[in-house]
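Provided herewith is a single structure, encoded as structure tokens, for subsequent inquiry.
A, B, C and D label the chains in the order they appear, each numbered from 1.
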Amino acid sequence: MSTQTEQGGRILTYVDAIREALTQEMEADESVFVFGLDVDDHKGIQGSTKGLVEKFGPERVFTTPLSEDAMTGAAIGAAMTGMRPVHVHIRMDFLMLAMNQLVNMAAKTHYMYAGAYKVPMVVRSMIGKSWGQGAQHSQGLHSMFAHVPGLKVVAPANAYDVKGCLISAIRDNNPVIFMEHRLLYFTDAYVPEQSYALPFGKARTHGPGDGKGGDVTLVGVSNMVMECLRARELLADAGVAAEVIDPVTLVPLDFESIAASAKRTGKVVIVDNAWLNCGFSAEIAARIAERDDLRHVRIRRMGYAPTTCPTTPWLEKEFYPNPVTIAGEAYALARPDGAKWTPDPKHAELAYQAKFRGPF
Amino acid sequence: MIRNSDLVERLYRGLRLVRRAEERVAEIYPSDKIKSPVHLSIGQEAASVAVCDVLGPDDIVGGTYRGHALYLAKGGTLRGMLAEMYGKATGAAGGKGGSMHLVSAEHNVLGATAVVGTNIPIAVGAALSAKMRRSGQVVACFFGDGASEEGVFAESLNFAALKNLPILFVCENNFYAIHEPLDKRWATRRLCERVATYGIPTHLIDNDDVLAMHDASKAAVERIRAGGGPEFIEYHAYRLREHVGPNEDFSAGYRTDTEAEPWRALDQVTVLAAMLDDKRRAEIDADVEAEIAEAEKFAEESQPPALEELHRHVYAD
Amino acid sequence: MIRNSDLVERLYRGLRLVRRAEERVAEIYPSDKIKSPVHLSIGQEAASVAVCDVLGPDDIVGGTYRGHALYLAKGGTLRGMLAEMYGKATGAAGGKGGSMHLVSAEHNVLGATAVVGTNIPIAVGAALSAKMRRSGQVVACFFGDGASEEGVFAESLNFAALKNLPILFVCENNFYAIHEPLDKRWATRRLCERVATYGIPTHLIDNDDVLAMHDASKAAVERIRAGGGPEFIEYHAYRLREHVGPNEDFSAGYRTDTEAEPWRALDQVTVLAAMLDDKRRAEIDADVEAEIAEAEKFAEESQPPALEELHRHVYAD
Amino acid sequence: MSTQTEQGGRILTYVDAIREALTQEMEADESVFVFGLDVDDHKGIQGSTKGLVEKFGPERVFTTPLSEDAMTGAAIGAAMTGMRPVHVHIRMDFLMLAMNQLVNMAAKTHYMYAGAYKVPMVVRSMIGKSWGQGAQHSQGLHSMFAHVPGLKVVAPANAYDVKGCLISAIRDNNPVIFMEHRLLYFTDAYVPEQSYALPFGKARTHGPGDGKGGDVTLVGVSNMVMECLRARELLADAGVAAEVIDPVTLVPLDFESIAASAKRTGKVVIVDNAWLNCGFSAEIAARIAERDDLRHVRIRRMGYAPTTCPTTPWLEKEFYPNPVTIAGEAYALARPDGAKWTPDPKHAELAYQAKFRGPF
């Protein structure tokens, strides 16, 4: 993709990339529509739907009553009969109100009716973090969806991927749970102007550079990819080279890329944007563990603390993995007998300024 | 009122086919050839038969696990239904759905769901789609009295009315959810009145009357197709068999045979039969029996699905 | 109508405390000392203040993220509220809940939830419990117009009426859900009429009137306590600040300052202030300012929670 | 527990043990009540609540409207204010309608209110199987609940455990997801007459007998424990000794018992009554994989096929693990270079007659 800039790549934020993807797909296919609470107000879901109603009109871009259960069913029914709905939720936590329709209908319709109907719908939702989001506005619940056959689960971690994946999700003939992260919205990257669809099931490997294999593999989900990239910079100070893998799509999953890196490094830290128990991080660990050719690989998991998310920042900062704790864990795994090391706090500060703009 | 005898014939044939097919299913059931639970509509065939007679082939219906009548009335084949119950590859859902999930894309049967109430917003979505596509289709959504207790029903009514969608809601009130009577589930019986507060015209037919249902739904569907927005019909009929399974269950204690009497007297298959001259009726009955025999043979002789089918249809291409 | 001046004083103090406390919160907010989103009730304090004046200490209330007024009116301490917003260990929820989850078991505040509508069935469950325990408690459940669109609201009404539970439902209709007006969410405005179909007595107060609300809820709570079953009040008031955050947002375009004018004219803090003689009012105002200053100092000086707190309260012993 | 028969143990079915537990707790504590669709009809949830309404009256035993979302909230509200509700669902699939209340409220109430309120409630539900249960009446969704801190998840696999665990669940001050299995209802075991509470977080190990360690460890969940015990009998024909572990409670989990057996055998087959992806089987595999002292352990997972559950028996039989497939997988793991072996079909038939009555 290094030719991207020639292709018209320019720096675009994640939020603008989402809006561009929606705009291009709505222009390309009139069966596409965008609905959900507040998609048409002046804030436009943090900007990701801003201006769409002016461009495409209130029939294709509309808010709804607070009725997540019925609106999800409506999306399914519309998808079964020729439309391609994009249903937007400002927080992933609210999907719990739509579980019956998503798990018992959307995931099963194509199968239990033996292919008689397809359900081409996208369910966008955002994981919240910090500033007092707290217990009910902060959850990454992707493992629940990944658990159920029939659903696809996508978690783009940069502006380039979010555009290409959203376009693919809209064109996909299955229900796609499209997971965004509030803190990614203002990250930016090189993003081509023209429409492009990224294939699902292709992970992104951020190698340690100059073609060398790394000392340790970091697998990140959603915003945790960014945290892993920051951790990688910190680890470099300690002479530890980390490969960072971004699965991009959780279902379907490109496990082979993870396996290949794990094989190279023999050490994997999986950093999820979720709780560990029965989570996506467990699945990755389990797949490595089942593979006889990966039995030499040592594994660690990181994610939310096994608690509800507290609002107070003094506790919240302990709730999430961060570049420092990730680097610490990775170092301990990579250098079991190495001198004790903790990242330089000043550098850790700076790591937050680091931009990862691709080209991807 | 003078009836067009074609109409009476059509409705009689429809009622008779569902009734006899389900009676036959009940006879076969003990043989264990039928590999799924059966929720018979015996006693409540009329709503589906009347409404589907009013609808055109492009119109859309969605129903529930008690959906044999709806599936057949909308044009679904008896072969497909019986083969599905037998778990054969030739079934309406290739054996994957069973009796509770009858479907026919060809006849715009959206399918049937076994989680009560779940089909209601899906039908609303189909109506939203019909409106957005300017297809002129009308959607009819069938559900029971119990389904009206699910919150999604209220959400669906509000949205359908808000968006003025082309949908007819049909609540088949048989006074029970499994063995639980209305009075243990409804604070009041003012359902139509409640639905009307959304600005939705409502109609109550409280005496299992297929011709009245035909009139009411015909007028409603015309208004809906003309852009008048959603309407609602509460149709009272009685389930004469057990909730699930082939038998009667008046001995179970939760309801009495006496309660059923007035409904047996209203039995619409008998009522319409009486409107036809014997010769014509005999012909129809003979056709129906032949269709059932043929479909049963088809189901018997069809092959079970190949093992690879297990992994097909998880995702659409 | 002659008013008992104690009542006016109590209500004024209650309104004034909430109003001034939230105005102070809005002033502090830009300093980033407050570590959570704030959903101010400025303009809509009256419903909570009136109903909680009617309720006894053992009575139970449950509300939403826009719950400062309810928490304070039911007896929750301002210290606890501000310390919670500051994320301090001394907060109402030890800093774990933040502004959206104010709670006080001591004052039977069931807590507040940030998932709209979620608190409604929980209040119904508390009412079921009160009835089963024969405790004589009445539950008051507060929620917005948007919450009434969630299916769980309809389910809760039906169950509360079916079981004749001691609960008062209070819908604070401020005409908006975030920036979306009623007409984009409600098919009709016949909410009271709809609730009445469950056999629930309903009352509409459409002019932000704390004394009318006091009268209505007093009568309702008496009937409820006497075993009369659930009642419902729709109370109209206007949110004068943005949905979340400290500022006004009339420039945002989704509503106009003109729309707010009549509501400002009805402002209940001013209206009740005018009913008190200046001396008395000045005393109350002074008390309120002192309480706020003291609570703010308390919040400032309190310690943040110790790190071990992160792992406490995941499971109860 | 071998003294149980003297303690008054007698053969009791799983369903009768559930009813006995409910009866004894309702007698012991008047704050306990049982509600949910159809708990008071003549069938009484396959018999598990039969007769309770006659004994305790309609105020403590009652059916509800079809309103799973509100009824779950009502259970939470009642639990917060002094009652101990047991909310019954005839199928686990229907819990998807209650996810918002269970995940966003029940699990979080004690934490986000810093201990101000407790939520002592039990949510009983049953996993269905066979006879055309199909897509929406067959799901084991326990991993979704195990994923969320604040919920406990219990899955008793025999009549003795179901009584003791249900009593503990009712006395527990937290929301407990109590998972039953339709096919276990008519299994029986020695069950004491008196009331007894089993501690959560204690797994049950069915050793290969005569004190020896086994060749392979089978970890089963719910009904799969039975299938594993049957597989063990088949494996004996091939001279493979299997240790069968029943975690009994998934949250809290007694991982140490699993680890101990894994350490002994070095080979673990995890057989879940659910899909694998992000499932409980992944969690067990991950925990083994993370433990440096268990790096020699080889792991396999079995569970539902990665499809929706089909109704037709010709496909359904391929959807579930069974004693033959479990034994086959375990044999391949235990005897990698052993002669190819498949269980004797006749014995496999018989295995279904085998009763596992304890004493446990």
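Criterion: a contact is a pair of C-beta atoms (placed from the backbone, for glycine too) under 8 Å apart; a residue touches a chain by one contact, two chains touch by 3 or more.
Computed from a prediction, not measured in an experiment: that's the story for all the values here.
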Pair sharing more residue contacts (C-beta pairs) when A-C is set against C-D: C-D
Cα-centroid distance, subunit B relative to subunit D, in whole angstrom: 37
Rounded Å distance, subunit A centre to subunit B centre (Cα mean): 42
For subunit B, residues contacting two or more additional chains: 95-97, 101, 113, 115, 149-152, 155, 158-159, 162, 184-186, 314
Subunit D: positions in contact with at least two other chains: 64-65, 67, 69-70, 93, 96-97, 100, 104, 111-112, 134-136, 149-150, 306-308, 310
Graph class of chain-chain contacts, one of line, ring, star, complete, other: complete
Subunit C contact footprint on subunit B (complex, rising order): 149-155, 157-159, 161-162, 184-188, 190-191, 193-194, 197-200
List of subunit A residues in touch with subunit D within their complex: 69, 93, 96-97, 99-100, 103-104, 107-108, 111-112, 134-136, 139, 141, 143-144, 146-150, 251, 274-283, 285-286, 288-290, 292, 295, 298-301, 306-308, 310
Contacting residues of subunit D [partner subunit C, same complex]: 31, 33, 59-60, 64-65, 67, 69-83, 85, 100-101, 104-105, 109-120, 149-150, 152, 173-174
For the subunit D and subunit B complex, residues of the former touching the latter: 37-38, 41-43, 62-70, 93-94, 96-97, 131-137, 305-308, 310-315, 318-319
Subunit C residues touching subunit A - in the complex, by the definition given at the top: 35-37, 87-88, 91, 95-101, 113-117, 146-147, 149-151, 177-180, 184-186, 252-254, 304-305, 307, 309-311, 314
